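Going by the order they are written in, the chains are A, B, C, D, E and F; count residues from 1 in each one.
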């Protein structure tokens, strides 16, 4: 069984993430969405909120699970038996950091393979940072986050 | 009448900004220089200082006005009737962020067009950050900021 | 009156070009689409075909004209009174060459300003080269070229 | 069963390609190495040679097959039931063209997913073009191509 | 005598830095490793630690000295008689910032030449930031920092 | 004695090349300008012309010599005792190809160090290709090539 892990901060989850999750779920037999707990930048959404949002949008997909992790991604992957790390390449994303992380992870755990997938063009511009900036200023985040979560994310950002 | 808006932090205004303002003023009938008020990074120069500096260098140009704004750029543009957002593309600037913002603004306000202009090569290397770093260490900022503002900016940075 | 010039090979015109033409027409009062005659790479479509295709899609827009040119773009622009050169920046286009040309044109004709516009994301991936490659192999070019020209372009490419 | 297709010119196969093939074979259940027949640039090695070289290095791997193809990659993938197109991302490779092709292939066949894998750093600099340039000038191509093919490739390039 | 200066934060020194130091020492007659004192980001290692680590790995090389500096790099270079600023270009490093700094330094001190060298591929992915992130999470930093300093750096990061 | 080699096609020499030569001559004790003979692209200027032009502009500099070479650069460098390969990094130059060549040359000859220097911003946009395109269309190449060679280069290009 091929197990993949899709790590991130998901602060909050965006339509870009959803696009990637859908693609990744086709590539592997079991997909672990791993929410980074201890990132140095203080997240706007709590770990519980971020995990809950992801659980809600992947409800009903038995091949997808959501988990939180702390520490090194490669340790988390090893403990869970994942062999593939899933990452998105966006039109204008930060390739450098992505590849630097992928090569560092390979140094730390050569048996893990980082796999890059491409979201739809219209989703490739969306980032959590953009969602936060637009939401905090009261802008409309429709089309940036999953419809089912839109109101809750918008409300939280207005009060952040 | 074509109205353009040139947004930024202008912390402080540089010769690179002046170059862009000059070019943008030729492209549109009325140019609004919009100084971002609520940027999360704490600016070194106060909003008043930043607006005053820009007003001083555009004095005498009736087609240019300087304003401060708070919140979403696209809201500011809509209220002012601007149809064009002006941005500079520098040799080594952060294309990714520029294009990501431009595409996000298009999602939020499809009727607004982002227009990219190129400063002179010798000005394309100048950024407010570089001015601040050089000035705070007591370096000479001639050729980086408008001559008429040089002494005031240098004095402020030495004491920042 | 602001006159802009949008140069290219248009071999053949794509939906990406159409997108740019539409945006450029809003930015200037008169837009000249300038089809490059003497490009060293042998085009697949004749100069007449390329001009005709562009004329057909801009029919009815009195502010747009299509012309062929030979020699230096800046000479063509000067003769026609154009002050703005319009170019597209695509997500994955060749920035280097674009900016190199823009800076060279500025050396040759400092009074001309190159203005960069961004097509819609879904159009930003389309290039004439991709259209030619897909069409010559008998692939479906719907969504890559204007609907009204699709059959003619496809037929020509199948026999190229 | 997950079927992947790894397309290319392989003119000639390099250690960079071998690296990718090895990684791709772990990701899918069946891997088709598809050698492009009709590429416009005249290849140095014949189609037969290129297919033979790849067959030789994948001998004994029952999950890998080598085939030649003509026309559109997406047609080839569809006929063979492949759902994943495998591509390498090299440190300094041409991202633009890769992503442009991936997005075009998605337009033509939305059910196909392009998956990007990263070769080892030391292999990421190797390209067929570099092998050809070095080999044609009589340079040592050890460490650039598979050891078992080195002498044959070198001999062919010296006489090319 | 050609004097070069290799500036940085070295927080902490990595194998990537060591690679560069070795190459730079071949290029100039005397190499000054200049440790930046007053960088705005609070370093994890103290200035004394960072200087000591560098001194330890360059012990025995009479043509290399380690120094701390405060203020503008170009002032430090001038005082020490250095004519060459040495910088590394890594596969995925931030070219933009590197070149922007180099061009700014040239504005401030036209007689200084910035020289870019390339580390080995396997070292090009290593950055101080990656070392800090891996070390703080208790990961193995072998192969990322000099062997002789590994235990001390690891111990410090675990307690940071 | 430090010997450097600056390779290229120089078809024709530009002000960008002159800028690099001047900088490189300060970095090494002896500089060899190596004109590539057998490049696959048919040059516009003959090997003799290209060597003559370079000899003329470096006349009087006893530390600079001009030579033609055939085959692998690293072989040429070894025969001449050069330890440093000099290359320019231009604002918008093709980093990828430059670094790919540098890493390949390191594979072939690990004892050779590739050193990157930056031309002045205003020269960084100039390429031989741009000179040829402008000159062949009868454009003014002042400011693109050395003044002393301008008329001869312009005349040759008009008749190319």
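The definition used in the following text is that a contact is a pair of C-beta atoms (placed from the backbone, for glycine too) under 8 Å apart; a residue touches a chain by one contact, two chains touch by 3 or more.
Because the structure is a prediction, the values reported are computed rather than measured.
Touching chain C and chain F at once are the following chains: B, D.
Common neighbours of chain A and chain C, listed by label, are B, D. More than half of the residue-numbered contact pairs at C-F reappear in one of the options A-C, D-E or B-E, namely B-E. Two copies of one chain, chain B and chain C, form a contact in which over half of the residue numbers belong to both partners.
Copies chain A and chain D of the same sequence differ in orientation by 180 degrees, per CA superposition (steps of 5).
Chain geometry summary: the mean Cα position of chain E and that of chain F are 31 Å apart. Chain B and chain F have centres, each the mean of its CA atoms, that are 38 Å apart. Multi-chain contact residues of chain B (touching two or more other chains) are listed as 91-92, 95, 99, 103, 121, 125.
Of all possible chain pairs, the ones that touch are A-B, A-C, A-D, A-E, B-C, B-E, B-F, C-D, C-F, D-E, D-F, E-F. Interface of chain A with chain E (complex): residues 38, 71-72, 74-75, 95-97, 99-101, 103-104, 107-108. Contacts from chain D toward chain F in the complex involve residues 91-94, 125-127, 130, 134, 137-140, 143-144. Only residues 91-92, 121-122, 124-125 of chain E touch chain D when the two sit together in their complex. On chain B, the positions that touch chain C within their shared complex are 2, 23, 26-27, 83-84, 89, 91, 95, 99, 102-103, 106, 113-118, 121.
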